[in-house]
């Protein structure tokens, strides 16, 4: 079998590095093209010493015109707003694209402008792009030219709440989501606020009003529910590198037990290789999925107050970014969905 | 001025050590008696090398009968359920007591039994004990024989929500509190789950149904509100040593702005030395109060969904335990309330 | 191909868990037997939620008499001094054994007694056991019944210094080794000193006189040098979970440049899949090899003072324990040496 | 008593913030002038929320010409090479200066140029400046116009080794110093290498050849020894915010026991309020002195190899910077040396 040539744009950020880590061991992929403006002309291991064993990948300046020469599928791990300028060129050359930025996740250009504050540069592609949550949109990912890989927070939330809204098992209103993320989610750029000395022993909330991931969560949750959904979403920054834990507060509809909610989710995800509903009494920790493509979901019902709780954890760089992108790649290229994604979590 | 002789029971736990750290520099207190079952007969610095400069305090076995000989005021930093067996003896000898355990925080013995699963051993003292949140009960603390020092989570929550319920500014129902605590809150006993290797990179929720601090929060919030209050409370464990951040979700009553809520709180705490309402746009981090007796509260209003957010942070070992205990001690002994509590937070 | 049935004794410690993580994905191994006294009768995922995807492995009580029924090769990850009581029984039944404890690393029973303070229970096996550092003893590992897997500190040190002593490139006297280890090296048992609250921000040295790993380092270094070697070795405890970095101070013999030392090492390890000599100007970080079986070695020469510096890093649980054990297993069973060990390091 | 007006130049770096933390509670000092280029015109609490309780200090642009108007003593916490351009102006106006940069620590302008790579701008002041290690140079600090506050690594090393060289108790050659520092020592500027995601689980050495602190260590050690001293010095970066631990390897002269070395040091520091020699069997941890001005030194003798070990720990921002600067300030202004420096360490 000839391997599929893939490109990774923006390979020296954390998401890009994670794509290399996973794709370098993917049996059907060959990393043919890695770009980095900052490290152009140097080996990737200058940026990431841990990737030394991925071979001597040379970083190149991004020349979109070379895309089709270099590869068949492009993983675009560039910053938001940069992607949408480049991706039309990649598609025009015949490449298929998994975009890990937020640029093609929203279907409505006006909604995009509302949340991102700028006009979308390729609005015609917004309808074509497929939201790449395989557990939800698997059927349309396989043929897609452009897959918009979901955000990290949305992945953790949608997998937990989507099926409950779909089954009309919870109230659509009054949803509260309190999420906590490791700092790798903020990217690798040098910012004072992300220094170890600032964050160690310094847990805090941030962007508590209007975090942009709300838009894609509400779009997708509405899809599950068949009606508009509004959520209250609060992100926090953990003094750790990886991992997201979303604590979701919802109201069950009717007389539901925790066991019945757990069963509903377990049934929904029975065939899913990467989503696991924890047994009664167990709650997930971010370290349970570190480095792997799993999502672990714990369920509890507070009979006293009537709140149903869902705790959903993923590795923000794997199921929340690079791992899910490869899951999409596998679907797009007709490979087994779990190929290259069989890493066990790393603990401790 | 002759200094007041104080005793610290259970001095080799984290709370006990913090009491020594603060009382060793308190201008009106003299540490006269420190007990520790495990370190009896050895200097305290064997347990806490950082307390070497507190002088050569010898640890003793607890002999309650010696209390009055040794000291006037006793800080009881022993485990829950142990305190209530000892404190009646201390009081009987004429000592005044600040109890840092949960044993005397609830006024109703039945409620105690319901949440703690055992019968209270000194129910007659439950009515006498004063809940030692000075910002709320200052007027009755000064004469108290027995002050029940509030729990760490409750302190962070009550300071934020109490005045809003008191002023009828928020709905009494549907309150959600998502709290995160450093691991020192779990005490110093060796438990596998609190090892660095288990927690580093391993954020998680715990005891999500029925955490015992709910009882005292609901008791006190009901006092503010003048009616029963039920809360949804979820604790999480942070990979850091100190600090609590409580993210509170409530519904404002009527047409309130974030500014008006902030003003209400600022006015309420104007004369309070330890509580600060942050200006618009600022959110607290646990590191802003590390090692000090402050509580920082940030306010945000999500107009889209109607939720009002309060973020309240304290150092769980200071304002959440030893610092607040000394604040109570100052009130009980007629000292200035801030005496011995002027430490600036330690950052980074 | 029929897979080789393997057993893991002591599967619920960190080393045992790491063996499961790696062997569960090993193409030629089948985990047939896992034992744990503490978790006997329960699934392994009760002890390690991150190993849920390894299948429903049931923990059993250790019954050495069942070894041959259960498996062909046994990985013994039990505490020091326990292993030597069990292993003779395993061998007697025809199992081959990779022992990850220290019990069979020293060839001389008197040296063992001197450093471990007890008489060896199976001295006749000490001569038979092979010290399982493949880069050094590959030729005799393949036929061995009993491989003594090297200690974590020794692995990091021997790979860096061994070839230099062998080539007579450094002075055999006056060697100083200052090592730092993540806390997973201390095991999973609940000890106060390893709590997160104790170690976070609390770096320190420990067991600075007479750490037991000295014995095996001196034994093996003497083998390289062809003469007795004494080292000064100091272990320190890092506030992190994994990783060892050994900073080694030696005196070069004659007029050697850093480049020539680097070349010597690079030449020595040219064919080695897991050892890498870093180019000039680069120094290793523990995060460069986290989760993988690599050893990265950096070299610097201080011309001013004449000291030659070697910085050697491994993941203490992989190349320092479970990974190296599997490398030995591969050699013993005629598999490719790197099989099951192609994980890329996890960063960040 | 009228308080002494002090200025803090560069108040929004970690060292500057620590000066504010300590001076805001100093009974004889009044913070009259704080400068910060980046935060000029804004309150200091914008840069440091934890300093809110220091009062509303407004940051100003540095105008050296205003120094004498604003204050009597200036703490200069600006970057290396910047200080030497400003300090002559401050002195010319009659201010006395404690400089926390490295600019005036070396007495010889040629040595400065050799290690710092630039010509010194005020070589005439190098002879006048006093090296501000009070335990060594107390006698000449009190009258000094310009005190060069020692570096953090040198403070930890000089306090441990100085008296041993002075007493001819150790060999002057072959000294090896392996130091580890928390990341606050690298300053607050945003650098990729100091991000939490880069350092967590990522211990490493850095600048292993030619670290600039070597120059001042060798200068001062030569003073103790009465002869030139060369040291081998290796700094490492810890995944924690604060704290330095220096592990020093030296050769005792003659037949010395660990006890005699411990006694020598204990005798030397008997009257010193901030230096403590630990009893036999105890080793220091960085958390034992966190936030306080202490230096803890542990001693061990390896009889097997003849190496004498000294483990010295300080808080790099306190005894290694701001605390020591205030100790110097106290001496310069005739205040008790410990004034404002009685903080107990913060643990956990």
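By written order: A, B, C and D. Residues from 1 in each chain.
Everything that follows uses one rule, which is that a contact is a pair of C-beta atoms (placed from the backbone, for glycine too) under 8 Å apart; a residue touches a chain by one contact, two chains touch by 3 or more.
The shown structure was predicted, so the numbers you read here are calculated from the model rather than taken from an experiment.
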Farthest-lying chain, centroid of Cα atoms versus that of subunit B: C
Selected interface, B-D versus B-C, where C-beta contact pairs are more numerous: B-D
Centroid distance [mean C-alpha coordinates] between subunit D and subunit C, Å: 39
Gap in Å, rounded to a whole number, between the CA centres of subunit D and subunit B: 36
Where subunit B and subunit C are represented by their mean Cα positions, the distance between them in whole Å: 46
Residue numbers of subunit D (touch at least two other chains): 14, 182, 184, 197-198, 200-201, 239-242, 284-285, 287-288, 290, 347-348
Footprint of subunit B on subunit A - complex, ascending: 174, 176, 178, 180, 182, 197-198, 200-206, 208-210, 230-232, 234, 236, 238-243, 245, 247, 249, 283-288, 290, 298, 300-302, 304-305, 307, 309, 311, 313, 347-348
In the complex with subunit C, residue positions of subunit A that touch it: 14, 17, 21, 24-25, 48-54, 184, 200-201, 241-242, 276, 282, 284-285, 287-292, 294, 296, 342-348
Residues of subunit D defined as touching subunit A within the complex: 14, 182-184, 188-192, 194-201, 239-241
